[in-house]
Amino acid sequence: MTNDRFSRQSFLGEGAQEIIENSIIGICGHGGGGSHIVQQLAHVGFQHYRIYDGDIAEDSNLNRLVGATVDDCRRETRKTTIAERTIKDLQPDAKVKVFPCRWQDQPEPLRGCDLIFGCVDGFAERRELEACARRYLLPLVDIGMDVHCVENEPPRMAGQVILSVPGEPCMFCLGFLNEQVLAREGERYGDAGSRPQVVWPNGVLASTAVGIAVDLLTDWTRELRSVVYLEYDGNRNTIKPHVRLQYLPTSPCPHYPANQVGDPAFRTSMAAG
Amino acid sequence: MSVRCRVPEQLYRRVREDLARSHEFAAERVGFLSARLGNRVGDESLVLFSGYHAVPDDQYIDDPRSGARINATAIREAMQRVLDTGDGLFHVHHHAHAGRPGFGWMDRRETPRIVSSLQVAGPDQAHGMVLLSNDFCIAHIWLPRAQKPVVAQRVTVVGYPLQFFDAEGE
Amino acid sequence: MPEGCSPAQVDALLCPTAHHGYTSRLFLAERISSPQSRNWSTDARILERTWYAISWKFEQSNLRLAQILALQLRAFR
């Protein structure tokens, strides 16, 4: 690539562009959030992608699926195809591996990444992705948004950006995941339903997530030194650290012990008689 | 087939702090990193470090020809740890200079013998050796039942920020 | 698995404690067919494998593990 293309981001530091170009990025979900992330990563200059999504483009996606066209919906284009096209239009030499399925169906390439973005629906999906990230020592940047309809009041738009780094507080430690929300979701048989979704909060969250990822990789701010949990208020247009960060335990994360890494294996043991 | 290593930052720091301690007669210290293999299926294997075990002071041999030599007790305890936990173990030490380190002739002669013993105790895991300099890290990995090691394509310290140590030519 | 199930043998994980709204859960490595058709409501990723569970609840206070397992398997008769 020419030096001109990235001259405006030289403030990221010497060697930063090389780190960016050599990092393998996994993106789970190429929907409203993931499509923003993919586009921005391509602009920044990332060259190695592994993208998972089992869906095709539909009319109802067009209000927010970055890169999707009317023609894509007519042709029932896979979302991963749209992702690859978005990237290649900016980075023709990028190595893009697409998986038109859930990441759980082909997890090995995801584990080989350097950093992953979680743009999935639902708490159970997030739990599973974080469990994999912890087991294979992968940093995970998770984004999500929701709109809650409240009787006789304007809807409430909210979202989150979470950076989960192995050894550091996890989504359970942060209180974002807990048995209650997982149970409630389980009782609905995990059906996220047709949740309200629009483009601009996805843009806010995705941009923030990309910024966090670039900082984690390049350390250009020299300030990112602890867990990130940002809450987005779409009604007030604010994004700020979640209040729960003030109450984090100082002990290591108990949910993902340090020795629970690698491919699982069962070991039988005989108790002493 | 590529092999990459990952180590959590807190563990990495703990290793460095321990290896920096002085010893009565050994010029260098030695420890063992516990590791589990990941992504066994496919061509991108992962070695994931999970714990550190310092070699006690009284398990070194006073050998002026060597920076650090550990005795049979240290090796037996390492083998027992492999048997008890099912983990792989990686011999780790530090060379006090900046830049990419290189295994010396003594390392290349002696450490593979330790690895062979570990392979006997735990043939289903990866074992090997890790070498730190002041600002770099390399790893040689014996995959299960392998006679020869492969060089880690990348060693990643997972923390804030991520630190990548790539093999030469990567 | 109980008679009439196919396959007759399958890997299983018993979670004897509360899990996502159930007091216990029996996860199977595949969705099996059984004499009574069941609602396979959950796909879960546990220990890097995908497991499947039906929607099946019962009172299990003071039950031993073997009893919990037996009651879980009763759903497949």
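Letters are used for the chains, namely A, B and C, taken in the order the chains are written, and counting of residues starts over at 1 for each.
Here is the rule we go by: a residue touches a chain if its C-beta (ideal position, glycine included) is under 8 Å from a C-beta of that chain, and two chains touch if they have at least 3 such contacts.
Only a predicted model underlies this, so the values are computations on that prediction, with no experimental measurement involved.
Should one ask which of A-B and A-C has more C-beta pairs in contact, the pair is A-B.
Ranking every chain by how far its Cα centroid lies from the centroid of chain B, the top place goes to C. Each chain gets one centre point, the mean of its Cα atoms, and the points for chain B and chain C are 42 Å apart.
Centre-to-centre spacing of chain A and chain C amounts to 31 Å, using the average Cα coordinate of each chain. Multi-chain contact residues, meaning those touching two or more other chains, occur in chain A at positions 135, 263. Of all residues in chain A, those touching chain B in their complex are 19, 22, 108-109, 111-112, 114-115, 135-139, 165-167, 215-219, 224-226, 252, 258-263, 265, 267.
Contact residues on chain B toward chain A in their complex (touch as defined above): 4, 6-11, 34-42, 44, 46, 48-51, 85-87, 156, 158-162, 164, 166, 170.
The touching residues of chain C, counted against chain A in their complex, run 18, 20-22, 41-42, 44-45, 47-48, 50, 55. Considering their complex, residues 104, 107, 124, 128, 131-132, 135, 179, 182-187, 189-190, 263-264 of chain A touch chain C.
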